[in-house]
Amino acid sequence: MDLELSPADEEFRREARNWLAAHVPAVPLPSLETAEGFAAHREWERALHTGRWSAVTWPEEYGGRGASALRQLLFEEEYHAARAPGRVSQNGISLLAPTLFAHGTAEQLARVLPPMASGATVWAQAWSEPGAGSDLAALRSSAVRTAGGWLLRGHKTWSSRAAFADRAFGLFRSHPGADRPHRGLTYLMFDLAAPGVTVRPIGRLDGRPAFAELFLDEVFVPDEDVIGEAGQGWRVAMSTAGDERGLSLRSPGRFTAAAARLAALWRAAADPSDTALRDRVADAVTGARAYQLSACAQVSRTAAGGMPGAAGGTAGTAGGTAGGAPGAAASLTKVFWSELDIALHETALDLLGPYGELAADAGEAPDHGRWADGWIFALAGPVYAGTNEIQRDIIAERLLGLPKGRR
Amino acid sequence: MRFLLDDEQREFGRTLGRMLAAADTPAAARAWGAGDSGPGRAVWRRLAEAGVFGLAVPEKYGGAGFLPVELVVSFVELGRYAVPGPAVETAAAAALLGRLGDTGGPAEKWLPAVAAGDAVVSYADPACGPYALDATAADATFLASGDTLWRLDREGTAQPSVQPSIDPARRLSRCEPGGGTALASGPAVRAAAARAADTARLLTAAQALGVGRRLLDDTVAYVKQRTQFGVAIGSFQAVKHRLADVLVALEFAEPLIYGAAVELAGDGEAGTGIAMAKVAAGEAAYTAARTALQLHGALGYTDELDLSLWIRKARALRGAWGTPAECRARVLRSPVPGR
Amino acid sequence: MDLELSPADEEFRREARNWLAAHVPAVPLPSLETAEGFAAHREWERALHTGRWSAVTWPEEYGGRGASALRQLLFEEEYHAARAPGRVSQNGISLLAPTLFAHGTAEQLARVLPPMASGATVWAQAWSEPGAGSDLAALRSSAVRTAGGWLLRGHKTWSSRAAFADRAFGLFRSHPGADRPHRGLTYLMFDLAAPGVTVRPIGRLDGRPAFAELFLDEVFVPDEDVIGEAGQGWRVAMSTAGDERGLSLRSPGRFTAAAARLAALWRAAADPSDTALRDRVADAVTGARAYQLSACAQVSRTAAGGMPGAAGGTAGTAGGTAGGAPGAAASLTKVFWSELDIALHETALDLLGPYGELAADAGEAPDHGRWADGWIFALAGPVYAGTNEIQRDIIAERLLGLPKGRR
Amino acid sequence: MRFLLDDEQREFGRTLGRMLAAADTPAAARAWGAGDSGPGRAVWRRLAEAGVFGLAVPEKYGGAGFLPVELVVSFVELGRYAVPGPAVETAAAAALLGRLGDTGGPAEKWLPAVAAGDAVVSYADPACGPYALDATAADATFLASGDTLWRLDREGTAQPSVQPSIDPARRLSRCEPGGGTALASGPAVRAAAARAADTARLLTAAQALGVGRRLLDDTVAYVKQRTQFGVAIGSFQAVKHRLADVLVALEFAEPLIYGAAVELAGDGEAGTGIAMAKVAAGEAAYTAARTALQLHGALGYTDELDLSLWIRKARALRGAWGTPAECRARVLRSPVPGR
């Protein structure tokens, strides 16, 4: 058991660090949730792609480096430590791409991945509907068979990035007669600029349009944009659902970097004898380290030929409870990082005293408003990618074996 | 001992609530945040007509005396309806000026206007924070520092320096002693400023309680009608227990607030009780906000649902006029009774 | 609205204080949960009775003072501040007596109450059974009709005080054919020394026998020891169930006194700049004061002719949510004090550093082991008198109007 | 990087677990608390035969070297099975003596006996608390203070002064430097004592993790079979969520413990990581204990159910070899990596 990096991995880390030091903008880009900021972030994706850093684990043919999961962790540690911009392509890279690798055709991979890697195509997700949030099986938006493809009709919501993105992916009810609500769904990609698509941006808690409603009226989708088999969308989506909750959604590097900044803020700003804040800072630092080490265990397990995709588990270190159910283990991770993120940012706001009240765009907001923005961002954590209530049900039922209740 | 609102006090609260429910206060709050204080001013005048601001003004200046219990009743409703503007600060400034008293001075000039709803007044105390709330929308901004009471110039609190709060209906301006006219000086100012800070802290607690009550009520209503997995989400035990915990927190913050109001109305020391009330109400309201957001799901995370007005305000009020840490320190500054 | 005591109430408080100062033992009595300690506590009940302090709200004819609810609060504040002994008669005085006042006959009142007030008869409760804890409707112990009375058979458990008490009261299934499980129960009193009763003491977490199992084999109970109507026991028990959860079970005086001692401990023992502990001490002091004020509101509401027995509500102050459901309001109180009690004692143990690990009977345990004992005692709070999970269900369903779930 | 136990390490843990499961450790713990160390000694010898104590002893004294990862694997099992006795202290003393080394001195005298299971050793460090654990049942008690290593007299730790812990299987004796024989002195003692304290803290964390795992496992088993209101209480969402939170806490404490063990095995500074591991494992185990008690209801509050062995131990271990506050302070003493 060891935590030492090989010389080659160290070299990879150094290369990433040097590249980032040379390229990360000195001042934060304008907010991702504005038209101007979106464009700036898309530019940044192009720069990342030029350096071949936008999707390091992908095969080289699609713009990646074929890097190991460990190297991805290292890259993300460097990325967040360097305070590089938020990833406008995250929906595509973290959610759609793993699905394509698992279920897409060679043609789809070749067509979809390169522009995703370069930021030329930015993807939004289109899962939720007004009546189907945590309960995805209640989806009602439909895909009706037509010549050479499908016609989409319905109403999607909470579509993150959709206010400014190019394309979207999601589940649609294609076989309404299926015997169970999970069946008869199809996983599709579609164009947000296609005829019949209306995008209505929705402001998040601070008013910035972080997501949108999509109204779909006879939107044509060619067969080539169906992922997996028509009618099998639920299975396709669930096979990579852990990715949305686990490491690939919120990398440990995000938290180790934020915790280090929090500790620096505490040293600089706080009365060091204020043990109440000290304890909360220490807990944030400890939580970030726990998540980082847990990720190390996970990539080690994968490298050792263990359960691929087993997110979040620390179980591999000592054969603990979570060993058996990799998808469900991602639920542990999601509960952990989402609560850590809120605790960390609440601590920062409390450390900032009266300046903790300032909105991110206030001129006097500390650190360019990043703490305030981070708090707003963190508040969504326990809600999306399956609420933490759902995650705890999954943990209890699938990892602890407790009987299913009616909830 | 009779630790209970009387019928008149209760009816006063209900009347205010009815009036505010009809006044589209969410629209006024959103306009206020966008820099249009017109609708908020209209609500303000109706509050004054109902007698709210007069509760902080001595009778000789056209008020009803200094009545902390009735002020708390009012400010709970202000919180419940997300009324924008520096109401806490206006009441605190009135408490200060009323305590100072004078003839021909600031009390005589400002208190009748406050009671009548003609003056929207901001108030700052650098010991409690570097910003004045809504100074750019106010008719005057006072500031007490040490032994001196200042009226700040417009320049000291001008538009370009407005700092938006996490609650967009709160617009903060940095202000410092010296950026205006010294109105009064001496130990009486110091004593009156202490009373003003106590008043501000207490009424912030009351406002937070109202915010928490509203968040709870709206969330309870939502979880009764929102269905997932074929049933109302309010039937899930995890949802029930979170809401039950919010109710427990609010129900036990409330007597602290009224107890502190009774103490402030008397002659004795009220600061300990007020600090307790502030920390309890602030934490209860913030818990209510976190719970409301979580149980509304993505909907609770949107600006456009009016719920956001209260969620954001809960966070801002938690720190205003005394952070939880400052209040807790204050609780233990005096010996704890009980032998 | 005021918090001032009338001169007569002040005089009552002073009288209680003076009496307690003259009579409370300087050194704690031996533990209530030992034979020796039980006897000493019974003696103390006799002394209280001699001073007419054992049941101040009762009518004088039964040994009380006909005192108001406010005076009871005042007495209990003085009682706990004076560090007077735990009340071995609490089960009888807080639980059985209110039931008798509501449902008992004049003969029962005259026969049962005076020896209860003097400590001559100490009562145990006999509610739970191995299969019926929170779910009292599942009771199976039976009462079978016989000439002039009933024969009890069955198995009761978690009978607090029963290891050393004289008599017990509880619910028994007398009409097994009733249409619903809540019906067909009878509320009975019986003698723990009667033929057919076997008492097996059970050690609580620290080994002290704070409760017992009762095995009942054809135990005869005369008709005169049935409370209310046979078969109506559930209704009889529920009419005073709030008492077990509310003020009469844990008086605010207990917490104001403990919080004041905690603050004194913090001042004496802790680094005052240790704000982490400071904050927890402040929260305990604040919680105790909140409970005290909430009780003031409750007695004011009762005195003003409001809902009698409306426990725990602070609602009366401002017409809050809890106004409408007095029994359920006691659930708010129970959740509040039980969590306050644990937080307060955990803070004390943390303040004591390495001495916080010592058991109550360790010679070096601070303050005669009272903090350690209080912690053990507090841990039971969220469990008994209806678990806090049940209380939260009640709060949600009866005070907030949420739909009943399957739990 | 390979942050994963290998097959051999995993099998070692499983073997220990099987052995302890068959050894009726609850009875040994109860006897130990009652002053009868016989059954506990028997378990101790079997642990030694399995190689546990040798993991803290250099090879030249009959051990396997100083192997923190394998020690952690072992102490998780010791916690899981509530093994009584000063195992943490014996390992810490061995770490100290092994680091000091010597010929003809205490290392040569005691380490082979420790490895063989013939010596039960207590160890105290006044900087970490005034008591030695189980000194009256031990063959020797060491104490390091400043630059000096002491072996305490029996008199210094005699029966009459034994202080029972909240965990009856832990018997504490007050001890101070000077009550015995000075064995060694100098800066090497100070360095070795620091390593001993780190070792003790880490292994206490490992033990706490095992305690928490056991509490979770037993409570999960209980709520699956206990019915109320006609269903298994494990189907109630409130029950599920509490247990899910316990699992989250344990799962994220575990990598901190192994990470710290890897650091302690290396040459670098391990104190920060050990402090993190201790605070996380201590709090997770205590949360597990509170949850176990609550979900077992009154049954969980009884001494006679063996669950009480773990509930009480969780509380005691939370403070042993570093309170949460001390550990949190330690976490921030060094700069936090991450730029």
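First chain written, first letter: the chains are A, B, C and D, and each begins at residue 1.
By definition in this document, contacts are C-beta pairs under 8 Å (C-beta built on N, C-alpha and C of every residue); 3 or more make two chains touch, one makes a residue touch a chain.
Note that this is a predicted model, so its numbers are computed, not measured.
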From chain C, the most remote chain by mean C-alpha position: A
Winner on C-beta contact pairs when A-D is weighed against A-B: A-D
Chain centre separation (chain C, chain D; CA means) in Å: 39
Approximate Å spacing (C-alpha centroids) for the pair chain B, chain D: 51
Touching two or more other chains - residue numbers and ranges from chain A: 274-279, 389, 392, 405-407
Residue list for chain B, restricted to those that touch at least two other chains: 231, 236-239, 241, 324-325
Chain B - residues contacting chain D, complex: 236-238, 241
Chain A residues within the chain B interface of the complex: 128, 131, 133-135, 138, 157-158, 202-207, 211, 274, 276-277, 349-350, 353-354, 356-359, 361-365, 372, 375, 379-380, 382-384, 387-389, 392, 406-407
List of chain A residues in touch with chain D within their complex: 1-6, 9, 70, 77, 81-82, 256-257, 259-261, 263-264, 266, 275, 278-279, 281-283, 285-291, 293-294, 296-297, 300-301, 303-304, 312-322, 332, 335-336, 389, 391-393, 395-397, 399-405, 407
For the chain C and chain A complex, residues of the former touching the latter: 273-279, 405-406
Residue numbers on chain D that touch chain A, as the complex places them: 1-6, 9-10, 13-14, 69, 73, 76, 213, 216, 220, 223-224, 231-232, 234-237, 239-241, 243-245, 247-248, 250-256, 258-259, 261-263, 273, 276, 279-280, 324-325, 327-329, 331-332, 335-339
